[in-house]
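Before anything else, here's the structure in question.
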Amino acid sequence: MWLSPVKLHIPDGFLSTPVAIVGWVFALVFIAVAIRQTRDQLGDRQVPLMGILAAFIFAAQAINFPIAAGTSGHLLGGALAAILLGPWAATLIMTAVIAMQGLLFQDGGLLVMGWNILNMGVITAFVGIATYSFIRRLTGEGRRSHLAAAFTGAWLSVEVAALATALQLAVSGTSPIELGLPAMAGVHALIGIGEGVITVGALILLETTSSGVLREGESAPGRRGANVIAAGLLLALLVALFSPLASSHPDGLEFVAEQKGFLDLAVDPSYEILPDYTVPIISDPVLTTIVAVVLGTLLVFVVAWFVGRNTTRSEAAGD
Amino acid sequence: MHYNLTDQYRHQTSFLHGLDPRVKVITAVGYILAVSLTPEGAWWAFAFFFLVLCLAVYLSQLGIFFTIRRSFIALPFILAALSVPLITPGPVIWRIPGLNWAVSEPGLIRFLSILLRSWLAVQAAILLTAVTRFPNILWALESLKFPRVLVSTIGFMYRYLFVVADEVTQMVRARASRSARISGAPRRSVLWQGKVAGAMVGSLFLRALERSERVYAAMLSRGYDGCIRSLTRFQMRQRDWISLGLAGLLLIVPLGLGWMV
Amino acid sequence: MHHTIDVRDLTFTYPDGRVALRGVSLFVAPGEKVALVGPNGAGKSTLMLHLNGILKGQGEVRVCGTRIEEGSIGEIRAAVGLVFQDPDDQLFSATVFDDVAFGPLYMGLPEEDIRSRVQHALEAVELNDYGDRVCHHLSGGEKKRVAIATVLSMDPEILVLDEPTAGLDPRARRSLIHLLHDLPQTMLVSTHDIPMVAELFERTVVIDEGEIVFDGSTQSLMADRNLLAQHGMEIP
């Protein structure tokens, strides 16, 4: 557990350069789509609204509440923003927040900012709203359902963001997946509770007021189509990253067991126990795998995007 | 997360301060990229990059320890890389006393390289914001063809950060003022505290929403039409081009050396 | 016909059903300076937002001789400078220069013109070297003056100000009163600041619950204690 940083802002140097650049490519794609979607959704209110709400998220991240000796719960905000405004507005807002944190306060690096944006902006927003919508569909329209779905969405958003971060660190060779993943998942399972509580608290306050402009992200037509595409792209992206790891560790379970044994027993030359262990460095076979999968994913995305556009057009026409 | 909201910009009339912000942004990013691409264990290259940084700090007239003092911000993330010296296979060069864990040479090399890259990169970023006013950094990004909507959004965020932060401070103080406890009475549960924090977030959201409506009205009143327009602020001068070229050389040379050796 | 405000029988209902203005009629002649007073919620701000087309009600609104409608909105907004109550709403750019330049920039003027207009506007409010300053570092009084400058740079014929002295300390207030006195534009100023009304404005309009209940000389208004009390005002 002590191998997990509490914050998800990755500084420069911790991700390998190819991984960082891939992150930027994907981030720019999502940002471009988010800009277009929010322009359709908001018209010329886009810039002042997104900007001031970004200031809100930034400031809201500073609000915390005491949990136990010394620790406190706080908000990242991607899930809340997505539930209130839709995932694309949330993406744009969180991108602005993360960009400022990196540029102005050096919280998070500049080269690795692509992944920071994807983890804390895109993943939190889409996982948050997808989980929320899914649970609501299961449990119905009531208030309890709404709050429970929001809590779960918020919690899961943080958890998946942490998992993604662990994956990126592993592929870069900074932190082996067997240690990083459980450590991140564990720590952020707790942090996610704080996220969930504050998200629900905010929604409870907001349910007494109805704002005409935004009501639970039920804003513009075409949103649904774009969501599915984005979710699909995200999943494809995560799979793309995970695949080289999967291939270089054929005997997963036994391997993890040995590792854990190593940690608990403080044994002599550690590497002798694991003769075939190789840290997933970006060596040639791994790099080509990543490149191939990434390119394939991009291709799928482009196709899906065109399909999605036609779908959303007809949805809008039918409204 | 607590940030010191005083501006990071430190005014001086130094050579670095006077350069075109686009040169500074490109150089800073180029520096981070170069450091990132430097292979593990290329200690001479890292040392050279450190000297380049020192030169830049000297040219900024901000004091030699300026960036070093602020560079520990990335430190907590080191936790993620702590296992590297222990996990990487290779000849053992040290054992941690007491625990008897083995540190391998390649592991140590990699770990130190990660540390150095991170340390140098963060200092470059610190220096950039110290010698360039944030609005000019944004202008440079827009000029370098970053998406205008995103850059303007960040600009609005920057402007209203302090306004919203003041509202937060007021709320937190109000919460503290009303958090008197009578001895003997039971403490309020964590869940209740969380709900209060959530309520603060909720009302902040409403205020932000309302303010954005008023700002939008003010923008419309002055002719805003949805297109983003801006004035030119800087023109590249000879010294800007020369500095850019020199910086490029200073980055490529050590990088090349690092790969050759 | 220029530099005039001509409102005829304006009625406005908010989406939630609240009737904010009931048949309001008002004429302000070129160069006149008129105070608009009344309790909170009376409709002062609502009326003002009609004067540059942000809100649209029933009835007719003409400024500078032009009716406010889709085609004329652009020139109306250049001719009518609306200064909002909270300067933080009005100062939305990174620096003072950017804010004052915003209006002329969106009027499509060439850069040289924009720069000289900014210069003149800042001089008019006596904040000559404030161009590089960051908005959130300014004092309340300075912000109000920059807010006025942001509108002056558009060279408006009419100024509409919403509670300009609210929240100012005595010194800043005095300085603002001087400024309002010196500006040549036709002016409509909503305020609770009765002493300022008595000092600066010969004519006062009282509005309450969406209706105009008095429109005449400030002097006679100040003498009518009953009327003042009825609409929630006091003389110090």
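As written, the chain order gives the labels A, B and C, with residue 1 at the start of each chain.
Here, a residue touches a chain if its C-beta (ideal position, glycine included) is under 8 Å from a C-beta of that chain, and two chains touch if they have at least 3 such contacts.
As the structure is a computational prediction, the values presented were derived from the model and not from experiment.
Chemist: Chain touch graph shape: choose line, ring, star, complete or other and state it.
Modeler: Chain contacts: open path, no cycle.
Chemist: Would you kindly say which chain has the C-alpha centre located farthest from the C-alpha centre of chain B?
Modeler: C
Chemist: Compute per-chain Cα centres, compare each with the mean of all protein Cα atoms, and return the closest chain.
Modeler: B
Chemist: Counting contact pairs per chain pair, which pair wins?
Modeler: Result: the chain pair A-B has the most contacts.
Chemist: Per the centroid of Cα atoms for each chain, what is the distance between chain B and chain C, given in Å?
Modeler: It comes to 42 Å between the two C-alpha centres.
Chemist: Quick one: chain A and chain B, Cα centre-to-centre, how many Å?
Modeler: Chain centroid spacing, chain A to chain B, equals 20 Å.
Chemist: What whole-number Å value describes the gap between the mean CA coordinates of chain A and chain C?
Modeler: 47
Chemist: Which chain B residues reach two or more other chains?
Modeler: Only 134, 155-156, 158-160, 163, 211, 215, 219, 224-225 qualify.
Chemist: Which chain C residues touch at least two other chains?
Modeler: Within chain C, residues 92 contact more than one other chain.
Chemist: Pull out every residue in chain A that's touching 2 or more other chains.
Modeler: 48
Chemist: Give the list of chain B residues in touch with chain C in this complex.
Modeler: 7, 134-135, 138, 155-156, 158-160, 162-163, 211, 214-215, 217-225, 229-232
Chemist: Note which residues of chain A are touching chain B in the complex, please.
Modeler: 2-7, 9-14, 16-17, 20, 31-32, 35, 39, 43-56, 58-68, 73-75, 80, 84, 92-93, 95-97, 99-107, 109-111, 169, 173-176, 179-180, 194, 197-206, 209, 211, 213-214, 266-271, 274-275, 277-279
Chemist: In the complex, go through chain B and note every residue touching chain A.
Modeler: 1-3, 8, 28-29, 32-33, 35-37, 70, 73-74, 76-77, 79-84, 86-90, 92, 99-102, 104, 110, 114-122, 125-126, 129, 134, 137, 147, 149-150, 152-161, 163-165, 167-168, 171-172, 190-191, 193-209, 211-212, 215-216, 219, 224-226, 228
Chemist: Touching residues of chain C toward chain B in the complex: what are they?
Modeler: Spelled out, the residues of chain C in touch with chain B are 49, 52, 54, 74, 77-78, 82, 84, 86, 88-95, 98, 101-103, 105-107, 111, 114, 134-136, 150-151, 154.
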